[in-house]
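Reviewing the structure listed below.
Each chain gets a letter, A, B and C, in the order it is written, and its residues are counted from 1.
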Amino acid sequence: MFEEPINAFHLIFSSQEVYEIALRSIKVSGVATLMALCYGLPLGLIIGFFRFPGRVQLKSFFNAMLGVPTVALGLLLYLMLVPKGPLGSLGLLYTENGISLGQSLLVAPIIVSFIANSIEAVEKDIRELAYTLGASNLQASLSLIREASNGVVLSTIAAFNRAISELGIAIMIGGNIFVRDGAYNTRVLTTAMQMYVSRGETDIALALGLILIGIVFTISSISNYIHGKLAGD
Amino acid sequence: MAVLEENEQTSDVKISLRNIWKFYDGNAVLKNINLDVLRGEILSIIGNSGAGKTTLLRIMAFLERAEKGEYIYDGTAVENREVIRQKVTMVFQKPIMFNSSVYANVSYGLKIRGNSRGEIDKKVKRALKAVKLEEHAKRRAKSLSGGEQQRVSLARAIAIDPEVLLLDEPTANLDPGNVQIIENTIKELAKSGTTIVISTHNLFQAKRISERVIHLHDGQIIEISTADKIFSSPESELTKKFISGDIYF
Amino acid sequence: MVRSGITTYLLIIVVVIFSLATIGCSQKDEPEVMTISTTTSLYDTGLLEDAIAPAFKEKTGIELHFIPKGTGAAIQDAKNGAADAVLVHAPSVEFSFIENGYGLSRKVIAYNFFTIVGTPEDPAGIKASDPITAMKKIAEAGREGKAIWVSRDDGSGTNVKEQALWEMAGFDYEKIKNEPWFRNTGTGMGKTLLYTNNIGGYTLSDMGTYLKYRKDGLIDLEVLVDKGEELINIYSIIAVNPEKSGRNNLDRVIEFEKWLSTEGQQILANYGLKEYGRALFYPVSQADERTYQWIVEHGFFDDNGRKTECPKKYRYGDLNFLES
């Protein structure tokens, strides 16, 4: 049973296409994660720190969004981004940026929830500890943020893994475009896997899947290492 | 009752609480507290759970504000809580660690105060030595045992050399080894002039380390006395009962 | 430490903006692009990506982006303005598309034959029958509990042809699809073939997908019926009307259609010969007389008494439109 995939593996590693797809997966999902950090981090901090009307509902909303099915989100975005749709003029359909945008919306709740919950969990205790050690309001708040920052690293990794592993958005918004030496390709690991499966070429799909898992594992290990180093300082 | 002994003078008073009342949800948890804490003394607050010991300490630490009454520090009424917090520090009953190394925890207060790196290093090492945790400086604070974490909390408080140190049941649930280290550290600290207030339900501890003892019950001060007198000849009935072992009523 | 946190945050923002900009930028001075929505069965043969796109790019420098979606979704994409042209194989659907003003300059490009496949045992005994007789035999055997029919039931070109076959055999598709011997997969050709293989049933398949799966040893099904006018499978390309789509690639589409109808034809003819020992597609320009008549019958539209691949009022561009 494993002979086919191993053969395919060999084929794959000598294939230009595979490197391109893998790199694109990382780039697109990496950008998506960074984007999600950009607006998710402040959002998480605001929800964690400040008490405002509707705060609880907002938090519940993001918690609920953690489980949104990617294909549903992908469809929604498709209808928005299609040229005739409300955001059609952005020209994001069938582009890498479009996928990044969609994936960032998918994973932002992970970051927001994580941070908001991290802050809430430690807020009272850490704030009082900081105060009694002589911190001002501002200093105490900054300490709180620092305490919650471990949540940032972990949630960023979780966000990236979710982004790079999802299919629904990549295929609806990206379109799995591949042209040799093309400039607008949008094929990524997940969409390629799906295509090969539907063509009956499951051994190639399997090999791609192993590459994807490999990436996810590597990223997780690297960040665990960084996390450990940070905590020890 | 006499709050001051005959030969005390007002300039010996570090903290003075006058007619303090504290309410939670409409219930009075501290009722008309009048108390002087003398400069450089070790004062124990004894009483059963729910008596209001923690609340009283938190008010002294200015982590909470009393609804009624005055807080006088070094002879002046307190307005700015940040100023007080720089001089009065509290060690909580349950140790709270920052998610970083022991060293980083202990140096926190010093960093806040803008000490130089060299200064910080010196003071942190000294504090860690006092609580016998020098070898653990690099370890993640949260990975330490409960007793060790409490020692870190103490070192953290010592490092900033506070004028007043408040401890809320610092050795509850700790093994005798840890208890001893902490008590010794407290005694050393008092020698150098720090004012110390400890809440405890351990009568033996109160007798061991403090000079004066206050019995708090249901938010009120029942009796104030010296460590010897309160155990040998308590004046009030409640205190007698408490000391005799009817602790859990 | 906090300062470094803020610095990191600002750095992230810079990186994000930079990468978004560069991803976007590289597209400025790159080749022209045409987006064509197509069906999965056509796309999965690899013809478009491996043969057509590279050849056209070499000739004209224009990049072809094929988005495989399934006939219905491909049409939808076109209506939504996401495609410059559609390449599908469902004439009835294409007709509505054009009549509703969305399509221009339809050109029939290629054809092949659907095939009714089944187990070598062939319980309904349809081997070498003509298509309509075969459908009748399958229904009869099915009602006797001796055979199972599998339908994609997904509105794809294959499914549209299947429904037409049932109609021609005298059955109401909407009615018989609920009978116990009639299974619906609601999914693509590949998975449908696998399912049919597993339960030992019959199904209608396009030649390309069948050959691929058979060659890879995924199925044991055999071609039982592959000749007959009714099985003809006609592939056409239709340009999307710019007035409806808001796009302005029409001239390039016409250029592509022209190429497809001339040099592209041979590329079509050659595809798959080496891999499978037989061609997957037949260029319409090489159809014999009889087959051409079938194409006219099943793939051309009525236009004032004449049959043509594209009614006059929807023609655009310097193309040679076929008429009967």
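Rule of thumb we're sticking to: contacts are C-beta pairs under 8 Å (C-beta built on N, C-alpha and C of every residue); 3 or more make two chains touch, one makes a residue touch a chain.
Quick caveat: nothing in here was measured; it's all calculated off a predicted structure.
Contact with both subunit B and subunit C is made by A.
Of all chains, the one whose mean C-alpha position sits at the greatest distance from that of subunit A is B.
When every chain is represented by the mean of its C-alpha atoms, the one lying closest to the mean of all protein C-alpha atoms is A. Ranked by C-beta contact pairs, the top interface belongs to chains A-C. Work out the mean CA point of subunit B and of subunit C, and you get 81 Å between them.
Between subunit A and subunit C the centroid-to-centroid distance comes to 34 Å (mean Cα coordinates, whole Å).
With centres taken as mean Cα positions, subunit B sits 48 Å from subunit A. Residue positions of subunit A touching 2 or more other chains: 146. Put simply, subunit A touches subunit C in their complex at residues 27, 31, 34-35, 37-38, 41, 82-85, 88, 93-97, 100, 142, 145-146, 149, 175-180, 182-184, 195, 198-201.
Interface residues of subunit A, counted against subunit B in their complex, comprise 125-126, 128-136, 139, 143, 146-147, 150, 231-233. Interface residues of subunit B, counted against subunit A in their complex, comprise 61, 63, 82, 85-86, 88-90, 92, 96, 98-101, 104, 108-109, 112-113, 138, 140, 156-157, 160. Across the complex, subunit C meets subunit A through its residues 1-2, 5, 9, 12-13, 15-16, 19-20, 23-24, 26-27, 30-31, 33, 35, 40, 44, 46, 49, 53-54, 57, 63-68, 77, 79-82, 188, 190-191, 194, 212-213, 216, 218, 245-247.
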